[in-house]
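Some structures to go through are shown next.
Next, two complexes with chain A in common: one pairs it with chain B, the other with chain C.
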Partner chain A sequence: MGFPHPSHSKETVVLSRYFGDAGARTYDGWVERGGYEALKRALAMTRDAIVEEVKASGLRGRGGAGFPTGLKWSFMPKDVVKPHYLVCNADESEPGTFKDREIMRWTPHALIEGCAIAAYAIGAERCYLYIRGEFTEPWKVMSAAVEQAYAMGALGADALGSGKRVDIVLHRGAGAYICGEETAMMNSIEGKRGNPRIKPPFPAVAGLFGMPTTINNVETLSAVPHILNRGAAWYKALCLGNPKSTGTKLISICGHIQRPGNYEVTMGTPVKEILYDMAGGPKPGRTFKAIIPGGSSVPIMTREEAEAALFDYEGIVEQGSMLGSAGMIVMDDTTDMVYQIWRLARFYAHESCAQCTQCREGTAWTTRILERILTGRGKQDDFQLLLDLCDNMTGKTICVLSDSCAAPVVSGIQKFRSEFEAYIAGAREPAMAVV
Partner chain B sequence: MADELVNVTIDGMPVSVPKGTPIIEAAKQAGVLVPHYCYHPSLPSPAVCRMCLVEVEKAPKLMPACVTSVVEGQVVHVNSASAKKAREGVLELLLINHPLDCPICDQAGECELQDYVFQEGRAGTRYAEYAKRYSPVEDFGPDILYVPNRCILCTRCVRFMEDVADAPVLNVSERGDRAYIGISEEQKLDHAWSGNVVDLCPVGSLLSKDFLHKARAWDLDKTASVCPGCTQGCNVSIDTRDDVVIRIRPRPNLEVNRHFMCDYGRANYRWMNRGDRIEAPLVRDGARHTATDWDTALARFEQVLRGASGSAVILATGRASTESLGLVRRLVDRFEVAAAVQVPLGEEAPLSGVPNLALRRERAPNLAGAELLGYTPQWAAAMRQALSAAVVIVLDADLDQADEAALAAAPGMVVLLGTVIADALRNVELVLPVTTMAEENGTYVNRDHRIQRYQQAKSQPGMARPAWWIAGEVLAGPGPSADAPSTAAEAFELLGERWPVFAGLGHGDIGYTGRVLRTGSAPVPGRAEGAAR
Partner chain C sequence: MTSHQAHGSHGATPAAQDPVFVGETRTKLEELFARYPTKQACLLPALWMVQEVRGWISETDIGEVAEALDLTPAYVKGVVTFYTMYHTHPVGRHFIQVCTTSPCNICGAEDVVKALLAATGCVELGATSPDDRFTVIEVECLGACGFPTPIMVDDDFIEDVTPDKVAGILQRFP
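Right after this comes the complex of A and B.
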């Protein structure tokens, strides 16, 4: 695993402050850096007061959907009649996204603290921390940190001497992208095949083991201690664009760019600033062609669209895509868009859980059509076929995996049609041999 | 709560259904069948096939009709343009890897994929130039084959084994378009109820080895019947081709067997096709039997009964109809009677997901009916009495060699109303050919005192007649008589005079799903109360 780059002056460093600081990984080190103050504060507050504070901060889910976190917590039944559960989604599998990995590698106690506060706030008797199976180092770091937190009394029957019980259990995924979908994750924790569940019932009503459950992303929960320490107003003020998007956001940038890595910015920062100032712009002699702003599941943006956008939930939507997980995949003018879209489609075809017909068969068929185009055997009819197939795959299934496969295909055809045409017309050498 | 009704409109048809009803069931009330694969009324709904997507006014997208409950005032369009396009899309996707081997597929003709594609699928495929997915046929169990190529992964079989049979040996293995139905490496699909997965499979992916390539679905004649296997009384369909029983399949009855039947009952039909049947009445003429006509035979029977006095014994098969048991019993009203019904015993095999459904220990379909008519299952005692009785009537009982030898030596008159005759009984006074339950109309009373009708599924051999007809003719006296019943329904009406539990009831009242008799008596002995959850 690489070592994080020093932060850029235009970044707003909150969550990533101790990235690269090995001392922050230990319990004592974390306490020295002001850790566990927020948890202590939270345990002295009422559950409602914490939820209200988070609501007031404007914090929204950082996993991709951007649902207001405080509101989500408030859906949990007030009376704890049945066991409540918190699930922390650390199954970061979205292609192009690697921010949660860094949080777990460097600041495990920040996540533990966030989990503990949230678990207390929603009345959860236990928090399951579901870590992606391929994350070997984060798993080691988190395991050690949880063990230490128990040993030091921050977790357990008498968390930080408050007399209140907070438990965290680590659960390791087994290598399926779909288990990052919240209902599939619950099935996976229950020991079942990781298939998404039909909603309703929603998790807050009947989630993990059929009990009221809240699922939050790693980055979301890690932001919570900062909100309690510094106040909702401070967090809400971290906003350069639309007031509905507040706080800071970790961005993972990868691809054809000078300085790939994680960056933390205030919501509403212009994308152009992120790409050119922080990440150093394109490699010498090249220009950007396309940006996928939110992990592979969102529509592809052209350079013009990306450069015009403000980096927050609304700003990216205005330019035709979605913020998603903020895993930015940058492609420059050397990129073969048809080939890249095929790579994405193949990923979804491989990861489809096989429940819904449109997804199981549609993702595989989409991949084959793209393959046919790449081998130089494409037809003009393939455009209509792909678009119709994508229409059948959008909004008709239990989860959004098939929608995610369709999004880059549809936006790719809309925005980079000439590249498809070149293959079909035989003007471009086939990128693949006929098998 | 169940009584609370909500009003919805489905394809322009207003219906009122109980609150909580899924749209797909409400649509049935409105006379609209929403095409579906994964949904089954006796299984939990996972909403995975996405075939039943319907347009619901004010909903942001198409909704799966199988898991979306109706709400007051809802307006549903099953056949709107968007719903039809979605279904056409699903059908096209299901077909891209489905082999077009309908001409050699057992399911053809009763295949839900075939039906819906004909109904609303695309005329041609756009999945050109690619090979279809291929996997070889797998042996899943004693009677079940899995043809993965035809599988549409509706998961009905997986859910049946997991949620209904409580024997989770099947799963979905792999993912994406490589997925298939997997079976536990250590286990076989040999649960006592596993044959139901063949019926549940909407396509020809799970096949019965017993039925394999035996008949085309459209050549089968289906007859509503009741399983003669045990006291449960599962409703079945007896499927015949050219008067030969080819298979038995469950017929839905939510009160008795829902949509299921056990493998024992499913396989229990070969005796219906026996070729060595008695085809004419046989009267003893010195040391040998001669075939005769019914008038002569009935006169002889009447003569036998009139000439005897004292005690009479009836030894009846547990598969005899209520009508036959009743009228044969009435024949000997003048005597001191011991009437026994034969009840073979076996292992009980419950289907754990359905309350009060099991293959029962008592392997006789009409034990409860026989008991209401004064018969007992005390077979050995009746056999002993037969050795001193003036008249012994054997009603198609399955006798072992000792019983046969004993009856052959019995001093009284032995009359055999049977389907086959053992060599040991070649000296009995009278042999009258009777029909099996597959060859007649009749009723059985199951262990919960539900009386259920079964229909004639195949023709009787030669001159064989139902036992109730023989008894009815003898009771009415010699010569043509309007009093003699000519149908099972008429025979049934004669029971009420003597046994009030049947009074006022006719075949028409029983219908095709049966009716619980008001017996006021204790439950049948040996019943496992509330054994199923």
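Right after this comes the complex of A and C.
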């Protein structure tokens, strides 16, 4: 539901049903609400049967890339005796995204169940749950819930009396956006700097501690118990027309909007309904100008593009952007697009791990050129310079942070060029002083 | 197996020469060893423990962590400086982090920064106030973009901060 707002009639409330209900946080409270049935069911199934069920549901990764979850699990080797690991990605640092935080704060046991089911399905006895360092409250809630789950025998050497071992270890990050990238996260857990690794080898072959590893997002794993309880067919049917995007999706909406919050919708819901009906539309007297639909790393959409889109993986691509993490940043007609694009570039420059030249230099120079434009000293040549830099930053680096910096800059120049021109021509007051 | 990494404001600071990993803290560190296949993997948790006790992480502390985990001090320093939440210098009694990334920025985060600097008496971002009470820094997205502007004061996460609320919030942190 549109937490902290009451549920809207156009939402489909599955994952967010108990947001705001403190009773759901305890073990007993979770069991009263039907909790731990899915884990019990899973532990009685074969590993393959679970993987097949998740494959059949159509569930795709909610961390950003949208990779089919069951397929990812099926890459884990079956015959290898060395340890396998599950990593749960709770780094949630993508600007505009704040959904995993609510899952952990309100339904910690849903995530524990999801982790335990996934760990069993991929043959891992241990799951590392990596929570970003700033999430102090989710950390406390998750710690208490994991402790309770051990005390009640749902985790440990004999999970729910099944004779199967499942352990969950909480690991606290220490401030680094890049640690949300899967291989950087593995390095971070290993006690290293959070530098992404070159792939291959892929994590299923050599991941955490060099062992076969699967990594999934908090929301992805939290959907798994529902799929086991209600069946793949039920989940697959949660879809408004496009069978490639199934289930419900939590959308974080923020920025210039009446009711910011998390809304849960069936895949394929029109973006217009999300923006106007659920989130209440623009503030009085304002109109929307730009929407970034998938966290800051995806191309900026104009209002027209966003309003024409259906909210699912393919629907957003059709209108020129990507679903990403579904963190929707809404900007109205009061927004200085050049300034905000500069602010985003600065984010990526700050967060680059600096391994790749294109990213280290590209993010820093992009930021500086945008600064020059904002101080009123921009040149016509700056457009081409920025686009060349962005071209160099796209598809050429170890991870896609560099591409993510280019996305708002390139789309910003394409769609809001006149705002850049105004600074360059001196028609607009500089937003920054020369230092 | 939950973690023992406590959150809280910086507690009593032992004399600088006392090692961190003694008594209860040593026991906690040793308990951590069972949760990871390598000692090196305990590095981030161990650094959190040091910061919990000392308030920041000094060269001496880095040496102690290195020794406890069979690593070199240079290696540990390389890791410490990669992550923004570890302090390599002493900070004020209360450490304030303000998000100014775009989603918060368009909702007035820069005004919150100005109000915080003025109310704490910090001359600039990163500086500690003359009374040693506060250090204010700007940070990137705190993962609470629907509640602009979120700030963190030590380990307290405070949402919906606006300039007019700043004085009242600071009163809670003497």
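As a working rule, the second predicted complex is superposed on the first by the 430 of 435 C-alpha atoms of A that agree within 3 Å, B and C clash if a C-alpha of one lies under 4 Å from a C-alpha of the other, contacts with A are read in each partner's own complex, and residues count from 1 in each chain.
Just so it is clear, a contact is a pair of C-beta atoms (placed from the backbone, for glycine too) under 8 Å apart; a residue touches a chain by one contact, two chains touch by 3 or more.
The structure presented is a predicted model; accordingly, all values stated were derived computationally and were not measured.
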Inset, instruction - Using the superposition on chain A described above, determine whether A:T248 touches chain B (first), chain C (second), both, or neither. - result: neither
Legend entry - Broader residue contact with chain A after superposition on the shared chain, chain B or chain C: C
Inset, instruction - In the overlay, answer first, second, both or neither for which of chain B and chain C A:N89 touches. - result: neither
Inset, instruction - Pick one for A:R193: touches chain B only (first), chain C only (second), both, or neither. - result: both
Inset, instruction - Tell me which partner A:A349 touches in the superposition: chain B (first), chain C (second), both or neither. - result: first
Inset, instruction - Based on the superposed arrangement, let me know which partner A:R368 touches: chain B (first), chain C (second), both, or neither? - result: first
Legend entry - Contacts of A:T97 with chain B and chain C, given as first, second, both or neither: second
Legend entry - chain B versus chain C as contact partner of A:S74, first or second or both or neither: neither
Inset, instruction - Answer with first, second, both or neither: which of chain B and chain C does A:Q358 touch in the superposed model? - result: first
Inset, instruction - Could you say whether A:I398 touches chain B, chain C, both of them, or neither, answering first, second, both or neither? - result: first
Legend entry - Overlap of chain C and chain B interfaces on chain A (superposed complexes): 176, 193, 350-351, 353
Inset, instruction - Note which residues of chain A are touching chain C in the complex, please. - result: 83, 92-98, 100-101, 132-137, 139-140, 143-144, 146-147, 150, 155, 167-177, 188-194, 209, 252-256, 260-262, 296, 327, 329, 331, 335, 340, 343-344, 347, 350-351, 353
Legend entry - Residue ranges of chain A in contact with chain B within the complex: 176, 178, 193, 198, 349-358, 360-365, 368, 372, 377, 385, 389, 391-392, 395-398
Legend entry - Contact footprint of chain A on chain B as seen in their complex: 46-51, 53, 61-62, 64, 67, 85-86, 89-90, 92-94, 96-97, 126-127, 129-130, 152-153, 171-172, 174-179
Legend entry - Residue ranges of chain C touching chain A (in the complex, touch as defined): 1-3, 5, 7, 35-38, 40-45, 47-48, 69, 71, 78-79, 82-86, 97, 100-103, 105-107, 139-148, 152, 155-157
